[in-house]
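For reference, the structure I am asking about is given below.
To keep things simple, chains are lettered A, B, C and D as they appear, and every chain counts its residues starting from 1.
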Amino acid sequence: MAKNYATDYKGVDLLAVAAAREVNDGDVVFAGTGLPMLAILLAQVNHAPNAVCIYEAGTVDGRALDLPTSVGDSRCAWQASIAAGLTETFYGQLHCGYVDLGFLGGAEIDKYGNVNTTVVGDYSAPSKRFTGSGGNPDINSYAKRTVFIMVQEKRRFKEHVDYITSPGWRIPKWPSGEYVHRREVYGKFYQGGPSAVITNMGVFRFDDEGIMYLDTVHPGFTAEQVKDNCLFDLNISRCKGETERPTVEEIDLLYKRVDPEGIFLP
Amino acid sequence: MAKNYATDYKGVDLLAVAAAREVNDGDVVFAGTGLPMLAILLAQVNHAPNAVCIYEAGTVDGRALDLPTSVGDSRCAWQASIAAGLTETFYGQLHCGYVDLGFLGGAEIDKYGNVNTTVVGDYSAPSKRFTGSGGNPDINSYAKRTVFIMVQEKRRFKEHVDYITSPGWRIPKWPSGEYVHRREVYGKFYQGGPSAVITNMGVFRFDDEGIMYLDTVHPGFTAEQVKDNCLFDLNISRCKGETERPTVEEIDLLYKRVDPEGIFLP
Amino acid sequence: MGKPQRLTLKEAVGLINDGDFLTFSGFTIWRRPVAFCYEMVRQGKKDLHLFEVNGGTHTEILAGAGCVKLWESCWVGHELYGKLGEAVARGQVEGTIIVEDYSHAQCVARILAGAYGLPFMPTALSMGTDILNPKFDNFKKAGLRDGSDPKIPLKKYDIIHDSLYDKGEILLMPAVNADWAIIYASQVGDEGTVRMFAHSYVDAETIKAADKVIVIAEEMVPDSYLRQEPDRNIAAGHAIDYVVVQPWAAHPTGSQYFYDVDADFIRNFYQASKSKESYDKWAQEWIFGVADHEEYVEKLGVNRLTKLKANSVLGYSTSVKRGTR
Amino acid sequence: MGKPQRLTLKEAVGLINDGDFLTFSGFTIWRRPVAFCYEMVRQGKKDLHLFEVNGGTHTEILAGAGCVKLWESCWVGHELYGKLGEAVARGQVEGTIIVEDYSHAQCVARILAGAYGLPFMPTALSMGTDILNPKFDNFKKAGLRDGSDPKIPLKKYDIIHDSLYDKGEILLMPAVNADWAIIYASQVGDEGTVRMFAHSYVDAETIKAADKVIVIAEEMVPDSYLRQEPDRNIAAGHAIDYVVVQPWAAHPTGSQYFYDVDADFIRNFYQASKSKESYDKWAQEWIFGVADHEEYVEKLGVNRLTKLKANSVLGYSTSVKRGTR
């Protein structure tokens, strides 16, 4: 059956839809608050009914009747398989090795997929503080694949982030601080790492060296425009073309089933 | 009010009563299966209504309607404050530092309070195997005080036990195996150690060197008889006299409230 | 131990000394002991050392009032209702609060170690981040890792090689054993058994890890009721030192099956938290302008609180407007 | 992962290979997957490596039949109904079973580490005992600690100095991650959610720690029912690989709220377990003499099982005679 693509949709819609497509049926997904929730919930009602969603505050495979506004929300516990706490989700699920996919956000990212959600400037004398890490680096370090959902702004896509809150593909090995491949730091604890970054302009992936490249560009944008919205020299040579547009069904599900109250969607 | 002492009671009764007297009201008590259960339950219905009993299979402060036959028995969970599992009892309660008193049994004991419940003979080629440690050494190593309830037989009170299953006051420090005071092995993890051994013949305690001595002798026995029932040279010079006899009320509670079915009592 | 002692909120807060080391129940904007924090501000507590698996609105209330000196955590904000923890951020930028960052799961490892009486807990989570950058150990830079405060570890963390399976290097996260756990509970029994509704976050671990525990409960119920389902309780009475019964004690944070998060209140507070001046004005109205929590809830008014009341089946309010549609 | 696959008991046991590394649910004589163990004996499994936080009647059934080669645990017996684990003891004394002793809480540390994906868990319990005597490391003496079996740690344990708080030396207990967890469950949902009644022992940890999990459930119920109280469940469907529904699968061990321990049966088995000859005779009658678990329970008979049936409020039988009075 030919897909019925939507012609009228917003940037955030495509972002959520593209992210949802990263979920395979049966995946165990660890999701943060916000757009990550839309993505996993859309995937569950669309093509991945057996995907399991874990929220770090303590719930496993909840089936919220109403969209949660936080992973700590009681809505997360509705018809969950397990409702416990953070020891269960971080250690009993994530560190245990069950998690296939992490869905996260970020304030700044660099070409290795290192993400900063901590400070602007030198950490020792910062000019601004963000919220801090939360579970971002934990999920990112132990999910087999991680997808970051971000806003595309030039200042957010940097050669080096000011502070590595969440580990990408080339990271410091302490105590020396020498930059090495993620596998060297994690040894036999290695599970995987960032597999995609999805913004309002395109979908990015990582090459064998762990360097970000443009995989597809969203309709209405060019690869060059995306490159211009990065401070680092983005590899656009591997761009496969346009990101698949949302279907009418996906937009419908997003607005009518996933976020009918307009909590994260406009 | 003068106490109404029982004149007709069995050895096991005095053993249970003497053990129960080691419980202070409000103590958090970690008890094993068998006579330790009788002791804590008798204390609770007699003089220590606020004592809390933890059974290692997972229950905290249960109020069994019927005497459990095992710490894993569902009877233990009745009206418990918490029913969880072994991680909770061993780590969330015992290692956490809540436990005032451990109530345990043992097959063999030596003059330092080291207890063997593992093998007879050389461990590498034993002539007999017992059940193994169970939680005996765990409870004994982290309760502030431990009381052992045992049968007095000469072969069970040894100069050195064949295998140190449960740590007394002088114990090997590994890897060298040098015998040192318990405090040296436990460092700042030190909580306490064996405070009494109660048998069908007497009550034993430990001096500052961690060596066992006879504290009181049960009615009907002499200190010399007790000494004759030890393979090591028991110090009877500090014997304060006779063990206080059970009262009529205590015997009543024991047979009518604690073990009316005759599970551990004859 | 006997049964926990009943206190009023003012009496309970009176037990806290300047400089004490505190931890709290809850998660971001859920089940926070906010009434206790308001009262700490009223009583002018100073130089507090906080460890929080995560921070939230209550943290900002304390930080804005200048109560906080040391803050060890991984996150502070108000979820959807206020992007940043402005007061903590201001404290860090201006140097009035010494911040020590860990990851969320590293914080869990720390409180779990504390709960289990262990000096550390291993974790392989969040390796290769600047959280572990030795130059960024703010407590060390402040001279706090010399062993003089037994509650502050000698190292921010350690790395050891796994000798058991040769899996590589792994982190050891130091235990947290605060002086006080301040716990907002859904229900407390008359013998001190504690139950939380919906999910338990790290509340059980936080109780176990602290030297002394104050429970501020939405309601007290017969212990025999809670003991009918002992698998649902998170703490026994011997783990609790003091109990305060204080309805609405978590407001404006949410308490599952009692009331939802007061989003408007938090949004308003968040705006106020953006400068010292506007914070002080806000505090004048909502903290110092009321004598106690009873006056505070009266000021909120019946209709506001009714709107927040949880649907008894779903556990959250179905009458608050949450989104734009 | 999808939903767990439904199998018959025979099919599930057929998945186990000689030499596999197994762990079990339950506690001593409670909620043991005995039907599964009987079928393993019937199918003649050999050289099994068992890790058990504690052993029980099911261990003795396997050990007596010669299925067990390696046994890591802290205890085996039948509680009040049989003092010793005679078959394991015979195996150790005769050298047919290599026994590795830990303490009970050390075993918990090991399975907890396995559950959390950690290579080890620290513990200060049971230091200064012969459990830690390097001369008594039986796996090492058997040449098993050379790294060739990735499931056997390179060391029985390690000791390190606490560098975080300088509390002294502490033990590191190696994780256990067996090939299989064989779990008898009170209830399993049709999507694989697992619930245990009364207390949960170390069942949740045992499930998480194993590579593959087989659940043998007393009954299957709608997942939506179990999800009404998600705080009472111990595992989600994605943690479970195979499900067998087999009533009375724990007999003669007890299953809270279904049936009590069959004390007479265990006493009788215990007597039989005292020699190879009497064990074999017993097995001829109760294992090989019946084709499957349905024949086994038929042989037990309705009246015997009715007597064991749990009172639905208390969770245990009120009709069995337990003591001498």
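FYI, a residue touches a chain if its C-beta (ideal position, glycine included) is under 8 Å from a C-beta of that chain, and two chains touch if they have at least 3 such contacts.
Only a predicted model underlies this, so the values are computations on that prediction, with no experimental measurement involved.
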item: Chains in simultaneous contact with chain A and chain D; value: C
item: Between B-C and A-C, the pair joined by more C-beta contacts; value: A-C
item: Where chain A and chain B are represented by their mean Cα positions, the distance between them in whole Å; value: 56
item: Intercentroid distance (Cα basis), chain C paired with chain A, Å; value: 27
item: Length of the line joining the C-alpha centres of chain B and chain C, rounded to whole Å; value: 40
item: Where chain C touches two or more other chains, by residue; value: 117-118, 123-124, 165-167, 170, 198-200, 204, 231
item: Interface hub residues of chain A, defined as touching at least two other chains; value: 59, 77, 83-84, 91, 95, 142, 189
item: Overall pattern in which the protein chains touch one another (line/ring/star/complete/other); value: other
item: Those chain pairs that satisfy the touch definition; value: A-C, A-D, B-C, B-D, C-D
item: Residue numbers on chain D that touch chain A, as the complex places them; value: 1-3, 115-118, 189, 191, 193, 204, 208, 223-224, 226-228, 230-231, 233-239
item: Residue numbers on chain B that touch chain C, as the complex places them; value: 25-26, 28, 50, 52, 59-63, 77, 79-84, 91-92, 95-98, 142, 189
item: Touch list for chain C against partner chain D, complex; value: 117-124, 147, 150, 153-155, 157-158, 160, 162-167, 170, 172, 174-175, 198-200, 229, 231-232
item: Chain D-touching residues of chain B, taken from the complex the two chains share; value: 33-34, 56-59, 65-66, 69-78, 83-87, 90-91, 94-95, 118-119, 123-124, 126-138, 141-142, 163-167, 171-175, 177, 182, 185-189, 259-264, 266
item: Residue numbers on chain D that touch chain B, as the complex places them; value: 26-30, 53-55, 73-77, 79-80, 83-85, 88-89, 92-93, 99, 101-106, 108-109, 112, 123-136, 141, 159, 165-170, 197-205, 254, 256-257, 261, 263, 310, 314-316, 321-325
